[in-house]
Structures are given as structure tokens and as C-alpha cells.
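Below are two complexes that have chain A in common, paired first with chain B and then with chain C.
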Partner chain A sequence: MAQETNSAKYSKATLDLINTTMIAPKKMKLIIMILSILSILGIIGIVLKILNGFEDKSAWGYYAATISFLLTTAAAAPMVAIAPTIAKADWVRPITRIASLFSVVGIVTALASIPLIFALPPLIVDETRRRSIWFEATNYSPHVWFALSIFGLTLCGLGLLYSSSIPDLAAMRDHGTGWRKKMGKSLSRGFIGTDSQWKSLQMRIGMMGTFYFLMLMFVNFLFSIDFALSLVAGWKDAIFPMYHAMTSLQSGIAICILAMFFARKYWGMENYIKVPQFWALSKLQLATTVLWFYFFYSAFIVFWYGRSASDQMVINLLIIGPYLPVFLGAFFLEFFVPWWILVWNRVRKSIPSLAVVACLVLIGVLLDRIRIFVISWSTYSNEVIHKKFVPEQDFPQFMYPSVADIIVFIGLVSLSTLIFILSTRILPLVSVWETHQSLLLTKVVKYVRTDVIAIGKPD
Partner chain B sequence: MQQRRKLDQKQINQELLSGNLKTPKWYIPTMLFLGFFVVTGFATILYMFNKGLGVTGLSRPVYWGLFITTFVFWVGISHAGIMISAILRLTQAEWRRPVTRAAELLTVFSLLTALFFPLMHAGRPWRIVYWLMPYDFARGIWPNVRSPLFWDPIAIGTYLTGSTLFLYIALIPDLAVLRDRTTGWQKVFYTILALGWRGNPRQWLLQAVAGILLSALMLPIFVSVHSIVSWDFAITPSVEGWHSTIFAPYFVIGAVHSGVSAVVTMMALMRWLWKWNNHIRPEHFDALARLLIVVATAWLGCTFLELIFSVYGREAPEIALRELMIFTWPWNLLFIIFLLTGYIIPVGFWIFKKARNNIVIMFWTSILVNVGMWLERFLIIVPGLARKQPFTFTWEAYTPSLVEWYILVWSFAWVSFLMLLFARFFPLIPLFETKESQVFTSETKIGRATVPVIYREED
Partner chain C sequence: MSKKSILGLFDTPDQGADALDGLHNAGFESHECDVLTGTPYPEGTFGEHVPQHRLFRFPLFGAIIGLTLSIFITTATQIAYPLVTGGKPILSIFAMLIIMYEMTMLSAVVTTVVGIIFESRLPKFNLGAYDTRITEGLIGVVVNCEEKDLSKAKKVFTDSGALDTKEA
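The block that comes next holds the complex of A and B.
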């Protein structure tokens, strides 16, 4: 009897979730149309920037900030699924798909980073090698390695998404209709759920997840150093790549929370994505918020006490210089406000409040990226780069974004959102097989006078 | 594989109180052996006080040597307690239960031991009293509150107080069990310490709340302690190799690496000495090893960043220091041993499940980690001071004297002695946690597989 009930639950969940790919939320067509127009405008903006040339590096500051924002937001989102899955957390099952679906945005980030790679100055400037982590490497090493790593990360993300979707594709083959059925048949590669197929699937997800994490760290390492730190003479900051990677996780969590909020609101996922998922992510969000301050302060105190000319330059240029309002914005939105909100458990269990905090964090991360990348690209010049540090008279003035910068930012964000929404037409936002797993491994049982949840933890 | 055995409360009491209610055969010889080193170690310290720091290898310009290295090492070990108890408690990791008490204990005793070293290093430690009181207001000299050397005792003192409280609160229910099973002076002793514990619902609630609150409050202290220790070095621009922004997280992650490894060593010893095979099982070693792989890899990442950014600036003295450290005898040998023992050998073993479940391998690899971590601190502190700099009028390599080595040996004997002394009077594995674990865990049949189950209260 119990088994019958379970199989009824499985069938209901399967059909329910597969149907979400077929039935579009209200006003979807209008939203897709608006996003498409904005995306096209963004592409035009990129073309205009390319036509203006790569000589004036300061013109590429906001573009670099945009790429960094996309890279740190969308590329980090799959980590929200990977880390808890490896740690065998049971709450993560309903949100792994949302998180790994952000891998498709990696295609936009990778393609959009190509012009930036062309804009990046070579290692040898005026016949002298500038400071970089590529000590004796060939002139265009940062360009080549970054290109390889960002495309590698994208491929790895897509591979991870595909691997974790095979059982769902098989479900589409068995329960879907039309082109989805055909797609399921060809992509599920004969998956019928034998023991060896499940074992191989779990192993592939584990390995690709680990590899994705390592690639993500590598990309953050390269991007933060080559596209920011090494463009500012005298900025030597060993924690900066870690800071960049950590803020990346912070915004990855924020974008996941936002996507979960919309999935409930517009895709009818209320029965699958519930308060425990938000609660668990809110704790991670709180941790990253505190870590933001810790990483910032760890660097700040060393510069503050160091008192050398280059130490003081870093503080004067990146914190209290012309971009002080931007820094304060980042400080409040990435740390102070979310921290103060998220310490309250009641807020951590409130879905709308968490969506608001996620928005604040994303704005904060964007401001932080503007501060770092616009300063770096506008400070760079062939004359200054070989100096021991940037003298105060060479500090750039505050740069406002051009119209093209704004169009590019809106366009790329729209294109990313569009691709994400379109991918929900192919794969359900909540993984079918992991929903089955949850149903199988979790049940409410009576314990003395209270109800408790019994969670199965297979090896 | 299921390693867990169903135990009734009587059996748990019998097994876990066996060392407290009667003295094991090996206990007195071991205490005598350790006691010899403790007594002779204290005698050596007194000898050093009498003769002065001339009996050590310390000389200009290497003023910080083995004592400060060992101070940092023991502060690092102390990170085991909060990592295991607080973080794993907050993340509800079920496997933490048998390990928590020993880890908290290690924190308290290693902090106590760490405090000895700066005092000894001062040469005439009684003069430190003048630094505190009576304070010389007449001359208008104030302590430099901006110095991390001032923050150190405050952070460590707070950490020690908090850790002791943490240990004590978790001990109260077990003290009541001992109170009810002893007679004479022991009963009086346990009665006083048990603070009238009867195990009523209100007391359990307060105890649980106190545990969670202390866990959350101890976390920032946990991070601050080793960060502040790292700033003793990092804010000093005059010593090459020290002025690095990554030092704070690098030290904290390194501390967790060495602390958790020390817990593994201790767990193996506890299993072998008290024959607690039912309580400390291979699955616990497996879980700790998996945690250690992550921590060790993050630590290696920090090591890499620290090294790469030390030569990033292409400053001749920094490059010379790294050449000395990595390529010059005998530092190169120490550097190789440090890398091999700190990461390559242990993690090389831990990636295999068989090795993670083999207690002998876990025991020896955890010891290797701490050999590596001690060397890491030595390599951070000494070469930077020992290398000739433009304005040092005297320099020489540092060789620790026999007195210093003996005091190092004493510190290990002292911590082990204190641990064993504690184990004679208090249970090393929390009884109530073990009983709670028996209640909160079970197993269920899913298909043909038997799956472990844990119970959680509904959120």
C-alpha cells in the first residue's frame, strides 16, 4: 500500500515537473521579447565599443566590471549545488537544477569576454616586462590562458548540467511529448536506471563538480590578477584572488536565491522549493557576508600598518580615493546591511526578505566590481605601469559609465536572463530524479509527542 | 557499510566511564613516563630562566625562533575544538559526536601550553607583571593598543575563557552521571561540579541553547585568534616574507588543518588505549579525512598564493629570501619535508577510501601533517629574520639549542599529561551525546539496501 502511494507520488512529481517545461508562465512571451530586444542592443553596444578600438584602456573599465559581474554571479551559482551535494546535504536536492542551469549563462560570459581579452595589454610594454604572475612567460600568456580557462569552465559547467540531467531526459523520453520526447530519447543515451548507470552518474557528477570548482577558482585567480591587480603598478595583494572568488560565491548564492524566488512565483514550484532551502542558503549567504568583511579587513590592516608608499597608494586609490562612494556602497550592500538583516533567524526564514537581501547583495557586488575594475583599467597607462607605485598625481578621476557601457551591461544581463529562461523550456527547474530521491529518503515520523523528519543518508 | 552498533544506555555508561571508575593498567606507567618529561622540562625552563636566553640559539638578528614557532603551532592546534565542536554542531554533522569533547579539551590544553612560550621567550617572565601593574602613570607611558602583540593576549585569553566554558557546559550532564556512580570525596567533587543537574527538560533546553549560543559566539573568536597571531608578522614590512595580506586566512586554514589532524591522532590513541571500538569507528576517520582533504587543499592554495605574491613584486630581497628558503641548504630540505608531510603524502593517502578507513594510516598521516605544519611556521618565522639585510650589522643562521628542543619535547609531554590526567576524572567521549546519537540515528530498508537514517526536528 505504502509502495503504491510512493509510486503515485513519483508519477505526480514527474508529470508535474515535466509539464513546467511545456506550460509557459504568464506574460512569458512579452518578457522574452523585451529581453531579446535588450540583448540585441547590448550586442550593438559591444560592436560599438570594439569599433572604438582597444587603445584607450580606460574605456574598457566598465566592460571589465560587467564581465566580472557575470563571471562571479552566474559562474559561481553551480557551486551552490556542488558543495552541499558533495557534503551530502539533503536540503539541496530541490535547488541543484536551478544552480547548475546557470552554467548555460557561461556561454554568454565566455563569448563576451573575447573583446576584453583583446583589450588586455601585453606583458611586454615599451620593451619592458610589466609586473605579473607570468614571470618569464611569453608576451600573450595571460590572454591565451584566460581564454582557455573561461571556455574550459563553460564546457565543464555544461558537462555537469548535462550529466546531472540524464535521468530527467530519460523521464522526458518516457513521459514527454513532441520534440521534448525526441530530445529526451537522443540525449538520455539509453538511461534506464540500472545500478551501474546510477553509480556511474553519481561518480560523474562528483568528479565534474570537483573539477568545476577547481576551474572556477583558477578562472577567478587569473581574471582577478590579470584583468585588475596587475594593471595597477605597486598593487601587491595576495588575498585579492581569494577575495574575488569569495565574493563570487556570495553573488552566486544571491542569484540562486533570486532564481528560487522567481521559480516559486512564476513556475509554480512552491511544492518543491520550500523554506528549508531558503533557510539553508541564507546561512551560507550570512557566512559569505561576514567573510567579505574578514577578507577586506585582512588586506586593509596590512596596508594600513605597512605604511610604505605602495601600501598607502592601495588605500588611497582603491578605498578612500575618488571612488569612496562606490566603496561605501559595496561595503554597506555586501556586508553591513545583509549582515544586520541576516543575523535574525526570522528573516532567514522569510522568502520575500531573502529575495530583497539577494538583490542588495547583487547590487553591492556590482558596485565592488565597478570600484575594482574601473579603477584598474583607468589607472593603467604604458608610462605608469613600470613605476613602483602609482603617484597621487596619476590617480584617475571618477569615471561615469558611457551610454555604450550602460547598454552593454543591460544587454549582457538581459541576454544571460534570456538564455536562462529559454533553458527552462528544455529542462525542469527542479530535478525530477532528485525529487524522487527526496521522496524516497525523507519522511515525517512520529517521535514520542512530536513529529520529526527521518532522513536517509546512503553512502 | 554499517559500522554503527545499537548500544543500550547501561553499556554506554560502562564503556565510556571505564577509565574514570577504575584505573587502566597502562595508565600509571604512561603517566610516569610523561611525568618524567614534564618535570625535567620544567627544570629546563627554570635553568633557562636562571642562566638567561643565552642558553638558547637565539641571537641577532634571529630573535624569534623555536619558541615563537611552537607558540604559533600550539595556537594552531587549539583550532581543533571550535572547528569540530562549534562548526560541526552548527552544521548538524552527526559524526562529530564522539570527537567533540576530546577536541575541546585539546583546545584548552594547547592554548594553555601556547601561553607558556611567549612568557619563556621574554627571558625574565616575571617582568611582564610590571607591564600590567602597578602601571607607571607618572611617566605617561601607555601600552600600545595599536599593536597586535597587545591584541594577542586579549584574543587568546578570550578564546581560552570561551573554550573552557564551552567544555564545561558540555560536561555537566556527564558530571551528574559520575556523581551518581561514585562515593566519598569523588562524589563531593562531582556534586559540586555538576551544579545540581537533574536532567529535567528545562535544564536540557538551557544546556542546548548555551551550546548553540557559545558555538556561534566562539566562531568570530576562533577566526580572530589566529588572524591576530598572523598580524604579529604581517604588519611588519621590515622583515621579508612577512608583509603579506593573505596571512590571516592562511594562518586560520593552516590552524584548522593542523588542529583537525591532531584530533585524528588523538582519536586513534583513544580507540587503542580505551578500546572504544564501538564509539570511535572507521567512519569517523573517513569523515574527518574528507574534511581534511578540503581544508588541506584550501591551505595549499593559500601557500601557493603566498609564494607567488612574494616574488610578484620582483623585489630583489624577496626573491633572495625565497631562493634561500627553497633552494639553499638546509632550508630546502625543510621546505621539501614541509610540502611532503603537510600535503602531498597525507592527501595522497586520504583520497583513497581504504586509507581513510585504516586507522593506522590515519594516525601516521595525521602526525605527518603536524610535522609539516610545525615546519611551515618555522619556515615563515626564521628565514626572513636570518637572511642578511642591508642594515643588519650582524647576521647568522639560527640553530635551536638543546634547551629549546627539550622544551619543545616538554610541550608535547605536558599536553599529553594534562589530557590523560583529565581522562582519569572525566569521560573523554561525551556520554549524553553518545546516547542522543543512539536516539537520533537509526537505519531503514530501502529496496534491498539498508540505509542509515538520522532524525531531525521539523523546522
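The block that comes next holds the complex of A and C.
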């Protein structure tokens, strides 16, 4: 059989994908303008919150929930690419770029977390040390180490994105036009695809991916403990940091599904992102949805069965207290509804249905973050923090978000979306070199009376 | 005599592999030849020399430096300001672990980013013999040799079915 020529096989993919960075989807300018205005409003909202001061901790609850929401969605999205890439899964190649492109949102999260770091109370309050994971450490240890970790995570994410984009920047240098060509030339830094360059590149992607995973878990650990758990007197829960990290993966998958849906619909990626990618992610989404209940229940059963005064306080404050409707919303949208939708195989193969499920999960995660962080920040006071646990009379009333809180939330989400969209003007939403690799290593072959896809796994 | 490079462009991996075999038979050394591709091919596809990498060195040294620094910082501060709490030892490993983990990770990440630049032999300001069609799927075989050997290499490329050749 005659061997298919490479130019016929790969050329179309290269030019198609490079063109997606140059041809804007319909109404793109309008969308960018609206997002820019909302982003500016968000920044004004943050400035207003800073001007109002850091003394009233309850005023920072919704802000903490917003940062947590960004941290658990955008920061976790690159993991969708990392884990299957390390496991050499072929289906993930068309979506690795979308997932790793969320690393740019890390810049927004890291910068927006600075005011929250200033709002976080020090370890010594009224000359008495509050309980924390920092034992006898210096007064501002949580502030310093969290700042270092979140900027470290951002650096790691950008390093991962850059490493995996070098060959595509080289393709941009070769086939792009105008400023894209110049940018490709400058950022690809002379990449020509020698053996040693490829080997080095693939090793780096593996290493940066592993580091990203380790940093992400660590940032989730610090954020969940320092910015929620240790602000509530008597809340002791070893599972909570893991719950926070696991729900982060759940929402990371959801945001990737949503981005893939839009990439197909508005960026014309139907030929590259297909049902197998959605199907594979839907199974991971189902697994994390079920795991939500496992982690929640593992923590809940200890408090429920323990029955000590502080155990009962945790249930009364965080579950059946004034935020019960928010908890129920999170319970149904993060677990119950997605579980019963995703359990059907037909739904897992339906792209619009999966986009709807992804939206439900994201709303559920947002409600869950509001429940956890608004309660934590509105419960905190210099008097209550030193008590054994929060007495019922000190429970906060249900707190609605202020206008500034709503503006900040919409603004930061808009800014994140804007940065993501602007990144697609530089890098194609589907990686060129990984598309080539997929074409190289997969082939439809006849097997008895059916056709199957044979996938080469060279390593 | 000055070194020159010549590139042969091929449309199939078989032709690229034949060209590399032909170059070896014509007396060119492995280190003089390189294969340029737009996607990573399985190792040894073209019978090329497999480069040895030492990529783990950067993160490893970074991690060791970060860990050492963190142990120094946590130990030194606790010994400098000894506060006995609940009869626990001054150097409490669980209190030190968080800082040790973070500094190890941060240092490893930073050195890995630096390593990407160094180990990839980037930046490479002069691309040498190169063709933009490589990122469209063509396979480039490049030889860096004495000027007098260029014609010999060019003949090998033509015999192997090269679509085009380029000198630089």
C-alpha cells in the first residue's frame, strides 16, 4: 500500500489551526468590549472594597468565595490535560491546549488574591495566638506563604503553557502574518524540531505538569485552611482541604467541557474536538460528582456521630444553619442532579447535554464556595476566634452580597474570560503539534468485520 | 574550512529514514546529521542518533537547594527564638513541613523554567538550514559538514527522493 504523504496529511491541520487565531468569531469585538467594561467595573469594585478597609471581615466573605471559585475552576482546569497526558491517553491531545490555556487566568486569581491576603487576620489577635496550622510561626506566616504559593502556581502554569506552546509558536513564525509572525519568532526562540528539542520539550511538559499538580494541591490546602477553616473557632476537619481540592478538580473538568463546547460552536473546532473527548471527560465528571458525596459524607459522619458541642456547632453553622438553602443548592447542583444526568450513557455522548451539566456543576461549586467562605469570614471576630467553638448566639445571619460584591464577582469572571479569549488570538485552541502527533499515531484498521482505531504508543 | 549545513526535505518518513541511512553509508557521522520534524516521532523512527538528556538535573538541584534552605530557615528561627509549647520539641517537624514543601517546590519550579531555556539549546538565533514546510508535516534531514562535502550530501538527498534541498 502506498504511504500517504505527510504534506497531504498535516498541512491542512497546520493552516486551519493557525487561521483560527487570525479569524475572529462573529461578534467577537462586541464581546471583548462588553467583557472589558465589566472587567473595569470589577477592578473599581475591588478598589471600593479596599477603600472600605479590612477591619470588617464579614465584608470580605463574598470576595473570598470569588477567589476560591476562580482558584477551583480555572486553576484546576490544566489538570484535565496533565493527568491523561502523563498516562499517555490519546483522546486528550485535542483538548490539552484548552485546558492549559486556563493557566493565564492564574494571573487574575493571583493578583486578585492580594487584597484578601491583607484582609486575613494575623496569627496573634488581641495579644493571643489563634489556632492555626502555623503553630508558633511568625505573625504573618499564612500571608507570606500563601502569597508565595499562589504566585508559584501561576508561574508553574505559565511555564507549562509556554513549554507546550513552543512548537505552535514556531508554526506561527513559519505560517503566521504581521505581529503574530513576529511574536512567534521571538517566543519560539529558534525551535526547529530537532530530536533533542522534542525530547527536552516533552520531558519539560511532564515535569511542569507534575509540579503543577503538586502546587495546586498545596495551594488548595493552604487556602482552604487559612482562609476558611481556621477562621471558625472549633471547626476541625482533616478532610476539608481534600474536599476543597477534589471539588476543584470537579469544577476544572466542568469549565473545560464548557470551553470545548464554545470552541466547537464559535471557533469552528468541530473537526478536531469530537464526541470521544466529551465522552471521556463526562466519565471523569461523573466520577468527581460521586466523589463529592464521598468526601462530604466522610466529614459529615464524624461531626454527626461525634456529637460533641463543637461537632454540633459545625453542622448547625455550615449545613443546617442560616445557609441551608445555599447548602441544598450546592448539594443538588454539585452532586444529585449531575449524578442522575451523567449516569445515562446517551447523555454522556451528547455535547449540548454535557454543556448544561457543566453549567449546573459550576453554579453548584459557586454556591458551595459562598456557603463555606461567607460563613467563615462572617463568623470571625476577635472575640469569638479564641473561644472553644462558636456559640449559637454568635452565629451570623444570612448575608446577601453587596452591590460591590456582585460587581467584583462579575468583573473578575469577565476579566478571566477576557484574558482567555485574548490568548486564543495568539495560540490556537487546539495544539497544532499534538494534532499532528495524533494523526501520526492513530489509524483506522479493519478488525475481522469491523473498523477499529489503532493507536501507537511509542514509549 | 568553514562548516555549512544542507537540508533535504522529504514527504514520507520512509524517505527521511532512507536519506539518513544514505548519509551514514556516504561516511557522515551521526553527530553531523539531524532530523527536523513538526511533531515528535517515536524514538529511532529514522534510525537517528538518540540524544542523551540530563533534564532531571535542574529540578533536582533546585529541589535540593530549596529543601536545604527551608530546613535552615525553619531550624535557625526556631533555635534563635525557642518557644516551648505544650512540652513539644523545639524543632517540630510537622510545623516545619509546610515551609519545607513549599520552598522545595518553588525552587524546583523556578529551576525547571530556567532549565527549559538552557537544555532546549534555546534561544537559537540562527536557524541554519530550515524550511517553513517542516511545520506543515515535511521531514527535514540536515547535515552540518565541510563545504567540500555538500555535493555528496545533496546527491544522497536527491537519490532518496528529496522534494527540495536548501543550503545555509
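Assume the second predicted complex is superposed on the first by the 453 of 459 C-alpha atoms of A that agree within 3 Å, B and C clash if a C-alpha of one lies under 4 Å from a C-alpha of the other, contacts with A are read in each partner's own complex, and residues count from 1 in each chain.
Convention: contacts are C-beta pairs under 8 Å (C-beta built on N, C-alpha and C of every residue); 3 or more make two chains touch, one makes a residue touch a chain.
All figures in this text were calculated on a predicted structure; none of them were measured in a lab.
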item	value
Which superposed partner A:Leu440 touches (first chain B, second chain C, both, neither)	both
Which of chain B and chain C A:Gly178 touches, first, second, both or neither	neither
Residue contacts on chain A - larger count, chain B or chain C	C
First (chain B), second (chain C), both or neither touched by A:Arg131	first
Touching partner for A:Gly456 - first (chain B), second (chain C), both, neither	both
Chain B versus chain C as contact partner of A:Thr14, first or second or both or neither	second
Doubly contacted residues of chain A, that is, touched by chain B and again by chain C	133, 135, 440, 456, 458
In the complex with chain B, residue positions of chain A that touch it	131-133, 135, 217, 236-242, 275-276, 279, 294-295, 298-299, 301-303, 305-308, 311, 349, 440-441, 444-445, 447, 450-459
Residues of chain B touching chain A in the complex	1, 223, 227, 231, 234-235, 237, 243-249, 301-302, 305-306, 308-314, 442, 444, 446, 449, 451-459
Sites on chain A touched by chain C in the complex	3-7, 9-11, 14-15, 133-138, 145, 148-149, 152, 155-156, 159, 162-163, 166-167, 170-171, 174-175, 189-204, 207-208, 211, 214-215, 218, 222, 432-434, 436-437, 440, 456, 458
Contact footprint of chain A on chain C as seen in their complex	11-14, 34-43, 48-51, 53, 55-56, 59, 77-78, 83, 85, 92, 95, 98-99, 101-102, 105-106, 108-110, 112-113, 115-117, 119-128, 130, 132-140
